[in-house]
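Chains: A, B, C, D and E, in written order; residue numbering restarts at 1 for each.
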Amino acid sequence: MSELLQFLFSGLTVGAVYALVALGFTIIYNASDVVNFAQGEFVMLGGMITWFAYQAGLPLPLAALVAILATAALGVTLNKLAIEPARGAPVVSLIIITIGASVFIQGAAQQVFDKQIHSFPAFSGDTPLRVLEATIQPQSLWVIGGALVVFVGLWLFFTRTLIGRAVLATSNNRLAAQLVGINTNFVMTLSFALSAGIGALAGVLATPITLTAYNVGIGFALKGFAGAMLGGMGNPKGALVGGFLIGLIEALTAGYLSSTYKEAVAFVVILLVLFFMPQGLFGSKSTERV
Amino acid sequence: MTLLSIEGLGIAFGGIKAVHDVSLKVDPGEIVSIIGPNGAGKTTLFNMISGIYQPDSGCVLLEGEDVTGMAPFRLASRGMSRTFQNLQIFQNMTVLENAIAGFHLQERGAVLADLLHLPSSRRRARAAEAGARALLARVGLERAADREAGSLSYGSLKRLEIARALALRPKVLLLDEPAAGCNAVETEEIDQLIAEVAASGVAILLVEHDMKLVMRISSHVVVLDQGEKIAEGAPAEVSRDPAVIAAYLGSEEAAHADG
Amino acid sequence: SAEIKIGASVSATGPAAFLGDPEAKTLEMLVEEINAKGGINGEKIELVLYDDGGDPNKARTFATRLIENDEVQAIIGGSTTGTSMSILSVAEDAEIPFISLAGAIDIVQPVKPYTFKTPHTDRMACQKIFEDMQKRGIETIGMISGTDGFGASMQAQCKDVAGEYGIKIAADETYDPKDADMTAQLTKIRNTEGVQAVLNPGFGQGPAIVTRNYRQLGIELPLYQSHGVASDGFIELAGKDAVEGVRLPGTALLVADLLAEDDPQKPVVMAYKTAYEERHNEPVSTFGGYAHDGFALLVDALTRAGSAEPEAIRDALEATSALVGTTGVYTMSAEDHLGLDLSAFRMLEVKGGTWSLVE
Amino acid sequence: MLTVEGLRSRYGRIEVLHGIDLHVDSGEIVTVVGANGAGKTTLLRCLSGVQPLSSGTITFRGEPLHLVPAYRRLARGLAHSPEGRQIFTNLTVEENLRLGAFLYTDERVEKDMDDAFQMFPILKEKRNLVAGGLSGGQQQMLAMARALMGRPFCLLLDEPSMGLAPIVVQQIFEVISGLKALGVTVLLVEQNAFGALKIADRGYVMETGRITMQGPSEELISNPRIREAYLGL
Amino acid sequence: MPRLSAKSATLLVLAALVVVSPLFFPSGYYYRVGALIFVNGLAVTGIVILTGYAGQISLGHAGFAGIGGYACALAPVHLGLPPALAAVLGVLISGALAYLVGRPILRLKGYYLAVATLGFGILVSMVLNNERQLTGGPDGIIVPDLGLRGLLKDWGLNISNGEFWYFFCGIALLIGAWIALNLRQSPTGRALRALHGSEIAAQTVGIDVARLKLQAFVISAVYASVAGSLLALQNKFITPDVAGFMHSIEMVTMAVLGGAGSVLGAILGAGVLTLLPQVLTVFAEFEQLVLGLVMMLMMIFLREGLLPSLLRKLRGRDE
């Protein structure tokens, strides 16, 4: 029993990180149909910038804020310099651009920062919380809480605000979006800023647990992508559930079956789900009549 | 034996009956038109006949055989061909290649022969190309043959679809609003083309809102409204039916209006 | 020119940057140092350095390039076992001496004429740890290993050699190097009957996270880490509280200050440590030490050979005797192209937030 | 209201509009007829800004329009109901209409929506359904309704009657005529040339990227060449 | 003058490159780079068939390269097969696996297909990494010599190892390109491109979409497998990296960068991305940075890929 609880805590902690990354994917995807493979780098930057600012003497909350804002600004720059000029290019080309951006950011990070692994103190100390016989780090609660807050925020954004609707409209039909007066460039800028900001937030919250280094981005991107697809790309609910599910599957597999093949089990589950639900758990089928 | 007969076909989307208990028959050489208000279920009916939707009830008989819910590509090899209301063009290919694609069933062969470029593969491809060029000429697109299909205007694309559908040498041809986007003169050309095809012994099922066209070439007209058949008969008969006028035509002149 | 050309291919970026980055920095520094002193036998050394990113395929290409295009006289490098295996086959074909910086014993066993290596093997690390366990009366342990090359190779070696020390591995878990939480695996180990200690082969952030999770779960059993994390950075990452009491086999480099004054390694490690830390403003690591030793071996051989002919270098390398490096004291022979024994390792323990020697 | 001078436009290297001159006065209904591929759609796309000009000017309500980005043109009062409908297929009917009024947040939005539902009752029935599931004709109605939600001074319509049942075609033409009473100017591209000319004040004939004829509707309807080439009479 | 067909032109250009380039090679190292380009070119040609023609994305093709490579390492040891036959075995296993895996996952579209193939690739690389007893684990395993060079020597043809693999891979690439080009203009190739354009329309003209996608998937898997075998045989050593996610990404990137729809383009892409790291060693520290930048710039300014965009620009100037 306590064992199960411990596995669940482990799964929730890791799952929350995946969920945060997956949530970051949804916005840019919703605005442009592009899966931004540089999303993981935003997470890395969130952690690395915070660490450096913190080392430089800023108080941790301020350092985190700096990191989130700087990363958001970088997201906007990426959009302006790389995505916007390539408008009209096929989606695969855009994907390659984001992969290129990911390689570039990683290359820049190892120059600007360093190649060491870093961490900064957990927000509420390191004393584990005891629940029944199991324990959980206070920082895990921060990450889980962060994932939930971001989810609620995004969900409200997409369902309750006109600008959120405009984001969806832009990806659904860019031409029509312009015709109804939506500044699609602004929508893209906003999406990149938000997406990068959320990515950085993930990095800030997760680093005390996962540690950070210039090359951690790709790992986050991969798991976040898998989580987002499992839940159904573009849907915040899907991203949240997908991320947590992958975390839980991994932890339970590691606990009860085999830690070696825990990722294998996660991917097998993804394959099975997609076999029966080709749009993921919550993905909506796009309706195109013929 | 009837070539195509549909019995009691029905389907619902999220509880709403889009088509309910519709039956009809088409014989070789016949042109049966389906008319009805927007959302009456005409396209949905086509989608069920051609295997794109699985009907909830009823069946489709092709040459007496039950083909309900059969995959579209199998239906194609049994002689069914169609065009779409929402254009389905191979945007990444040239106009000629689009037309050649229609010859797929005639030109396909062993994959290995294709990979190794064996003479048999070349022969098949050549025959298909010649056929495709002839068809493009028939719909007036011969000059556009080498253009990318994506660069054609709407009306031209509509005709390209017809050419592609004819390439299958179908026994049954389903045309969904073939004249949409064409002006009166262009419509007449299409009109002639359809009549010719029918005369060659093809069974044609036609959905069209251009009443002039429908009245002129149909052998039989079926009227749908809210998924149900509300009238059928000879064109002239149907166009005088008060229920049809109320639901669809608006006024009797509309059926004969010259516009 | 009459210069001596030395080639290097290390994994300065990519997943093994941990190893390759300090190695590259060390080589560059040492070459500069030696040239400032006038070179070897009056000849300057030119270093041609490539970054293979840990990809064996790239490493092979760079090895070819070093030999065929840059015409180097010897190669140092191969941060990982995979890259080393790639380079060695090219070097052996071309009959160019190659000093590997990777751990696996397969690199020099069976002995290949032109291939040497500096790091102690994983097996030796396992042996050192098991010796220590034996002393503490530990008989049953749990293992949690990274699935990267380093972790997997050491895991296999430890499992292989455990029996010799009468040690039973009751739980054998793994984690992916990118994993963020190992509490599930550790819980499983904790709940395994009879486990008296836990051993964690791996490098990078994994061991730091394992150490933290270990304390989070309140496991009181002794925790052994590998030489993969023998650096001050590890203490910082895992957190001073969590890391207290952790033991690992490390080289003299890590405890340079603690070495006895008469320790033969003391001057060597102190010189390297001071120079490196001054120049790069980051702590030395065991891995940089491997490169240091590889270079020292080569310089020593070149000096003795009095020629830069590959053949002569090889012969001189094989005749290396009692060369003091950071990792240990090297004595090569035709049967032994590593030349280290278990005394190269020292058992270290974290006490009061710093490394200390276990007597 | 709308003046176009020397407008040229190209797709890649191929020019399809070779210098179009045309004007639409305030409150007028003007129609453009032409064969498939003449360039009618391209012309409207240039006007709404989703297709770049290679030269020429567009003046709208006294101000140059060709430098204004597409998304600002609706705010200037120019709405476009494009060819191929271009509705937001993944959003609901109601969301489509709300986005039509993206620029406005006042109460009039609700009223406009009620008007749209009155004009096309079927849309009201389907308001909470995803627009992609609508039938072709229903989508066409939605496209027209969405354009009207933008409260335009001038409305560009690309084949609004396409795919509509005869009874709705009549109604659409009535709506367009009705717009005139509301002071909305209309530039109408139609294949149903006869119907279009009947409600229009003036007409242009377009052939392979050029305007070849123009004049008051009655004149065009009675022109024998047009009767033969476009009206099929 | 009769106009050269695109196919003959491509083959001619490739053949000329293979034969003429060595005249300018200053050292043996260039043969090695050439051989790598050809191997990557071969793998990428498979991607052209799958992605360029049929429009299906795979982020797991390195898995097949891994199978091809490990077949050459393991089959000779465990089954006693000669290495060349081991490569054939690799092809059979890859093909069969592609068939089995492809059937369920090719129903998926776009990113969903991408994640499913990604999962497949990760599973393969995980097995290679973790089944240490069999595969040697992450440290890799030695691959027996092909033995063909010795045979050639017996026949009096004595060429260096580098030269041998250069020409051997060059010929393999030419054959691979020839097949892919045949396919493009053939009925099957047209059908593949048709389903790329519209699956529904493809169905209604009688194309068995599911089957055809599966065929494309299997064919491209075979290409990857052969490329993996060639790589393993010439390196005489293989690690699970060949099957890794990054390698899958690399293949797709090469294809898209060069122009996924065109065989020559994709091979060009393979050339550029293989050469780039070699050239960038000058920048050592900034290698990654520059690599990322080059990828972005090429895709921004040559969005359809290197070759198609350049051809378009050239043609534009003619008129």
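Following the convention adopted for this analysis, a residue touches a chain if its C-beta (ideal position, glycine included) is under 8 Å from a C-beta of that chain, and two chains touch if they have at least 3 such contacts.
Source: prediction; values computed, not measured.
Enquirer: Among the remaining chains, which ones contact both subunit A and subunit C?
Expert: E
Enquirer: Going by the average position of its CA atoms, which chain sits the greatest distance from subunit B?
Expert: Most distant chain from subunit B: C.
Enquirer: Can you check which chain pair, A-B or B-D, has more C-beta pairs in contact?
Expert: The comparison resolves to B-D.
Enquirer: Which integer distance in Å separates the CA centroid of subunit D from that of subunit E?
Expert: Centre separation, subunit D to subunit E: 50 Å.
Enquirer: Starting from the mean Cα coordinates of subunit B and subunit C, work out the distance between those two points in Å.
Expert: Roughly 73 Å separates the two chain centres.
Enquirer: Averaging only over C-alpha atoms, locate the centres of subunit A and subunit D and give their separation in whole Å.
Expert: Computed from C-alpha means, the inter-chain centre distance equals 42 Å.
Enquirer: Could you list the positions in subunit C whose residues touch two or more of the other chains?
Expert: Residues 13, 147, 174 of subunit C each touch two or more of the other chains.
Enquirer: Residue numbers in subunit A touching 2 or more other chains?
Expert: In subunit A, the residues touching two or more other chains are 110, 260, 263, 288-290.
Enquirer: Can you tell me which residues of subunit D touch two or more of the remaining chains?
Expert: Subunit D, residues with two or more chain partners: 133-136.
Enquirer: Once bound in the complex, which stretches of subunit A touch subunit B?
Expert: 288-290
Enquirer: In their shared complex, at which residues does subunit E touch subunit C?
Expert: Subunit E residues touching subunit C: 26-30, 32-33, 36, 129-130, 132, 137-140, 142, 161-162, 231, 235-239, 241-242, 277-278, 281, 284, 287-288.
Enquirer: In the complex, go through subunit B and note every residue touching subunit D.
Expert: That would be residues 13-14, 36-40, 42-44, 85-86, 151-156, 159, 177, 180-188, 209, 211, 247-251, 254-255, 257-259 of subunit B.
Enquirer: Quick check on the complex: what are the subunit B residues that touch subunit A?
Expert: Touch list, subunit B to subunit A: 43, 47, 52, 84-86, 88.
Enquirer: Touching residues of subunit C toward subunit A in the complex: what are they?
Expert: 13-15, 17-18, 21, 144, 147, 173-176, 178-185, 187-188, 191, 204-205, 208-209, 212, 215-218, 233, 236-237, 239, 241-242, 282
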